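Accompanying notes for the structure given below.
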Amino acid sequence: MHTAMVGPPLLALEGLGKSFPNGTVALREARLTVHPGSVHGLVGANGAGKSTMIKVIAGAHPPTSGVMRWKGEEVVWRTPGAARKAGVATIMQHVPLAPTLSVLENVFLGAPGPWRLPRARRTEFARLLDRVGYAIDPDAEVAGLAIGERQMVAILQALATGAELVVMDEPTASLAGSERQVVFDVVRRLSAQGTAFLYVSHFLDEVLSLTDRITVLRDGTVVEEGETAGYDEDRLVQAIVGRDLLAAERRGPAAVAPDAPVLLSVRGLSSAAGVRDVSFEARAGEVIGFAGLLGSGRSELLHAVYGADSRARGEVLVDGRRVGRTPRAAVAAGMALVPEDRGAQGLVGTFPIWQNISLPHLPALSSGRALPREAAETERAERAIADLGIVCPGPGALPGELSGGNAQKVVFGKWLYGGARVFMLDEPTAGVDVGAKADILGLVRAFAAGGGAVLMVSSEFEEILAVATRVLVVREGRIVAERAAHETSEEELLMLANGFGEGGARDAA
Amino acid sequence: GSTDSGSSGDGKKEYTVGVSNLGLSFPFPAAIGKGIKEEAAKLGVRIVELDAQGKADKQSNDVQDLIAQQPDGVLILPVDSGVAQGLADRLKASNVPTVAVASQVGDPKKRQLKDVYPGLVALVTQDEYAAGGKAGEIAAGVVPDGGKLAIVEGAAGFAEVVNRFQEFPKSAAAKGATYEVVARQPGDWVQDKAQSACQNMLSSNPGTQLFYAQSDDMAVGCAKAVSAAGSKAKIVGIGGSKLGIDAVKSGAISGTVCYKPEDLGKLALDTLYRHLTGEKKQDAAFVTYDTPAITKDNLADCTPQW
Amino acid sequence: MPRETSTGRSRIAAALRPGNAGVVYALLLIVAILTLLSTQLGRPPYLSPTNIINILDQSSLIAILAVFTTVVLISGNFDLSVASVAAFSAATVLSLVAPLGLPVAMAIALGAGLVCGAVNGLIVQLVGINAFIVTLGTMTAVRGLVLILTDGRTITAEDPEAQQSLIALQAGYWTVPHVLGLLGAAAIVAGAVMVLLARRSGGRPVAGAVTAAAGVVVLVLDPVLGFDLRLSKPTYYLIMIAAITWAVLRYTVIGRRLYAVGANAEAARLSGINVSRYKIGAFVLNGLGSGFVGVLFAAKLLAINPTGLQGTELTVLAAAILGGTSLFGGLGSVLKSVVGALILFTLDNGFNVLNLGANYQGVIVGTVVVVAAAIYTVAGRARQVRRIREPQSQPQPQHPQAGPPAEIEQESLR
Amino acid sequence: MPRETSTGRSRIAAALRPGNAGVVYALLLIVAILTLLSTQLGRPPYLSPTNIINILDQSSLIAILAVFTTVVLISGNFDLSVASVAAFSAATVLSLVAPLGLPVAMAIALGAGLVCGAVNGLIVQLVGINAFIVTLGTMTAVRGLVLILTDGRTITAEDPEAQQSLIALQAGYWTVPHVLGLLGAAAIVAGAVMVLLARRSGGRPVAGAVTAAAGVVVLVLDPVLGFDLRLSKPTYYLIMIAAITWAVLRYTVIGRRLYAVGANAEAARLSGINVSRYKIGAFVLNGLGSGFVGVLFAAKLLAINPTGLQGTELTVLAAAILGGTSLFGGLGSVLKSVVGALILFTLDNGFNVLNLGANYQGVIVGTVVVVAAAIYTVAGRARQVRRIREPQSQPQPQHPQAGPPAEIEQESLR
């Protein structure tokens, strides 16, 4: 499947430029060539301009300069509808779906014809699911889906149009192992049948194994372009960030002293959302990874611990003191939550970065705990921008002006300097580029080393194994297994998460 | 009418009368309703009172509901004269004797006040035109030499806005006072808006000598504006409400015209009752009562009823 | 698996859940209480045919407005100007019916409504101003037009001929004889069509067969029961408008796109939907609908005064929102909005029948509105607890190498 | 980078941009037009001190309501019940002032307002019903209470002593002599504080020094110009309330959190903010504010009838939204809402001064409202495209189509 295509390119961009009204130049003189039936990788650090390029292709943003050729002909797509009609289906990074409609309706949102045809759509949908190898209830309301499921719905929507070119902007950023596999299979199968893909991802292993050619963007310009076969992970990282990182990321976690004090203990926690009788402890210096499938209840578990789920029952103690069942009490007790859905749960869209970052610990940055000192807030934001390498015009930027990964870093930045000691991170590296991911994992280690405890949910088991000292496997709202990180493997975690015990037998749930 | 409503012990029939009131949260019609109910208690009439809340379309629904209850007679206080015409027709078609209270049925542009809509037993009301004339007389009494007149109108769209003005200049002129209307602005029937309107009219027409406010509430509001501005302008109201009479008493306004809603209610029910009992059958009769002009000199002639 | 997604049965069951049909239960509860009270207090029977016909008649015009307002709300906008627009078109038709005749006058009145709607839509969508402030402005401005048109006085249709034509539009009742017979016949036809469709798409024709069979039973019962349906004309207009609007929203792509546009305009745009067209279209439809209701009002009252229908916009919005329509777009059902309107008018009618003192009505209406909304908000909440996949939902693994693919247990979600 | 976040200079410049201060420019434009017209038509000068004092006095009560309503809107809610609540507390104070004396009667009236606000807040927040329907319900219910309390009649304060105490609360003017002197002194003090603060946080004390210097200049000018400020008491109340509310929203933790709660309640909650407290608090404050305004109305009119203040809720909302407050929470400024109220009352006043026919006022008000909103939406767009938002896939869209500031990706639409 890594056969390079010959003949006229399906899509060609030349001299593409895009600047935003606030002066940000997101793309300059960028180019891209996608051949029919090929899988083309587009990589770059957060804020490099990948999503911008994709929006231009999709007709969602008008470019400021440059030409776009579709099957050799110059085209100008003024609306997303025009691009769709021409045969380009796009999965945006921010999964725009209609939350009040069902999965089925969302998948066929752009479908033409006068009737809704629920029955015919249903069979079509079933066939689509079959083709893709995924299962989801067509009648579920999208507002009720977890972020990963929404991502899958967006993918289905793009595939349903039968496009010649499918553009995917970080389709796997919030997916776990099995769904991710589904996406890979789809890409492979459809590209074998002649559909071309433009694939954006921060998972370089994915890019390396899926794509035929790779384009690397840095600061809005193309720095490299070539056959995938000519790259390995190190070279790609080098091209993207210009430094070597792998060593840092692969470093194993430091051991925890056995006499380290217990910082957090959770006893008999259950919630109406489905968390069932969860107990565990975290010592100072520990990083606990939570492994599980999409929908296994890891997010709910973190929410219950954090007190965000008011109907949860059970005890949570920090430093041996009971913590009240509200996020307010949790913050006061030194807990911090980086939620999984940054748009809906992490950021206040109308606040500039500096106000977002100071929000949880505002009294501490205020005179008399009542009057915020803006200078102190701005200073803290500037520090976060520097520490996390957030690409933005300045602390006054609004979250909506940031690239996806940078927005995630802002959410992270909210908790960095407030003296929190128990960090709960729900998919903290979703959509974050390799360089920043290494930075974040480094921060996680630093938290632990500084005497904090970290609970980290991640669908990337590799990442869990890279930083966690202990792994708890979550399934159906329970903790079904516990492993020391150095004694387990990705394969074993996957088995456990799927409900197979050590011997390969299915756990009786 | 129906005969299924029970009879009281002494063999006298107990009548049920439906009242479609234009709005029980407005003091004037509420007082009419009060008069009706008091009289009903005296006469032993059962009252079904519906509140149209000032909406013509609700009144239409109310009449439908009344007809469904088959009352012996109906008193209707029209929200809107034009709409009431259709309602009167409907009531007539259902053979319910109907008395209109407080305002005319049928388009006032076409129909004289005293030319009562056919099919009604009677129209029982004060004469708005005559009341406007009385106000004019008061005005001629307090500003006899004529001069600049500003009018505080009710909310745009109400028939009274026209009716209460029509005779005002004529009867003032008859007494030798001619006024130049320098401003006409809406006070929307409410004190607050009238106060603002007078304040503003005064600041643009500092020489205004007389304000004619089309309701007592508005006259009282206007009086505040006048005294705050240190103006010497006189104010004439209309309505004879408690607020208005108090203001006449205190000298804040020069005079008003005394409406008596409770008496009106009593009169209306009596008219209907006597028609029902056969004591005095009427057809399209015009029934009215006296609305005297009230100034400081004859305060005793008006006991405010609303 | 407990959930059969596509059979009619579970969908009907879902539609009957309190969280979904709460407004209907609220209505039934109110009717039950009123019936009980009127019997207790020895008032005329509440559920008499006349009274039911009256309630339907009285609510029909507001309910029609609520249907169109629901469409605007679904599209993610807001319209405060409906009552003014209706009054405007009522004034128009009343002033023009005598010189021009009903058809022309009515066309102009409808056109006036349409233009008002279009103005709203264009300003909101193309200038990008908040719909609340725009329609508050047009509400005031159009009311001003009514004032100018009427010159502050009541307008009546004087010409007897014109009056007659207006009355014919609105007054009176149509009796549909042998409703059962008609329903039965319709069911048989529908059943047959369903069987055919199911055959063609390879499904089981069970639902169709059942429908047809039910139709036969009802048809047979008709001569025995002989039930005639007698409703006022506006009620029929309401039924027709609500049914058509419902069907369009439910079964056509236009409907789906309207919901999508309201739920997430950006997602809709990226799917190639012309967002402006739908948003403006909803306003235009609402203007047209208001114009039509205005004409019906004119025909009903044969007069309009300059303040006519003032304040009705809030009643209409209340009906729609009682019916569960979201103010944020993308959610709503015209049928439930109609039920919402019925609740409001049932209360008014109930007060009239019970002869309840005017002083207490406001408190009761307010309380009932809040309690009705509370009942089904709370009922709806009960079904949104479980989020985590339950054990019994494990499907057969389709990709053993990747582990069992995910599937969501829907029952536990709701 | 073009954006300078924290220097005083650029912030003032930003505040003066049409997109930000549009409502102020709209007001200035209206005043200019009215001044011109009144000169043209040979009417007395429009901008006379008396007239300005009048406009301020006339708008003050509605503007106070608009301030508190803005707080509720910022918190992401909606309150239609303000006018009913104000009428209720007016009726309360008028019925109780004679027997209990003003302080007690006023306390009870304020308490009544507070309770109404708390009921709204608790139902909206704890039962989770849409604020629109809840406050529509309480608006009706509280209006019903007013009706019960007044029994359909006008309530007046008859006792002369009670009347006097009420009048003292509201009527009359306070003259602040030597405003320039006071302002100058205040500026000197403020400047000194700023210099101190800047020193402490290590910044440059330029701004403080400039402020203090300006203070000295103004102080010196005072004996020469000798400008006295004479305003009605309600105007002072308004100034005080607006200034305090503005300062709290702008400079305190409470204010910041209120905005956060309104813009994204879930993010605020997960940041450790007690969302319910802020949302309910806003309602309670609004209830209290409505109660206060009700007392002032009672004092102004010395009478209230059962329909008093009906419909005012829409005027109040219009003022707030004209001021650029979003209906979807998280955006808004109380000062701009006050300007919005001033626009509405300036128009009314202008009509009175120009003696414009009542029939034409509606059309003009409506048009001006829409045009004013349009002007600064369009002017603001130029700046807003700089703040384009990435479409966010939020399950509950918080800003589905919010007004001017939430224009999403408009740039690419046109």
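Should a chain be cited, it is by its letter among A, B, C and D, assigned in written order, with residues numbered from 1 in that chain.
As a working rule, a contact is a pair of C-beta atoms (placed from the backbone, for glycine too) under 8 Å apart; a residue touches a chain by one contact, two chains touch by 3 or more.
Because the structure is a prediction, the values reported are computed rather than measured.
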Key: Pair sharing more residue contacts (C-beta pairs) when A-C is set against B-D   = A-C
Ask   = So how far apart, in whole Å, are subunit B and subunit C when each is placed at the average of its C-alpha atoms?
value = 39
Ask   = So what's the Cα centroid distance for subunit B and subunit D, whole Å?
value = 38
Key: Interchain centroid distance [CA atoms averaged], subunit A/subunit B, Å   = 72
Two or more partner chains touched - positions in subunit B = 24-25, 156
Query = At which residue positions does subunit D touch at least two other chains?
reply = 143, 147, 151-152, 358-359, 361-362, 391, 393, 396-397, 409
Task = Note the residues in subunit A that touch 2 or more other chains, in rising order.
result = 60, 92, 96-97, 99, 144
Ask   = With chains as vertices joined when they touch, what's the shape: line, ring, star, complete or other?
value = other
Message = Help me check something: in the complex, which residues belonging to subunit D touch subunit A?
response = 1-6, 201, 203, 251-254, 256-257, 259-260, 263-264, 266-274, 330-331, 385-399, 405, 409, 411-412
Message = Using the touch definition from the top, list the residues of subunit A that touch subunit D in their complex.
response = 20-23, 60-62, 92, 94-97, 99, 142-144, 147, 150, 306, 308, 326-328, 330-332, 337, 339, 341, 343-352, 354-355, 359-360, 362-363, 366, 369-376, 378, 393-402, 404, 407, 414
Request  = Provide the residue numbers of subunit A that touch subunit C in the complex, in ascending order.
outcome  = 58, 60, 79-85, 90, 92, 96-101, 105-106, 108-116, 118-120, 122-123, 133-140, 144-146, 149, 157, 177-179, 181-182, 185, 272-275, 293-297, 300, 476-477, 494, 497-499, 509
Query = Inside the complex, what are the residues of subunit C that reach subunit D?
reply = 76-77, 80, 123, 127-134, 136-145, 147-148, 151-152, 262-267, 269-270, 276, 311, 314, 317-318, 321-322, 326-330, 358-367, 369-370, 373-374, 377-378, 381
Key: Residues of subunit B defined as touching subunit C within the complex   = 21, 24-25, 48-51, 55-58, 60-62, 64-66, 68-69, 80-83, 85-86, 107-110, 155-159, 161-162
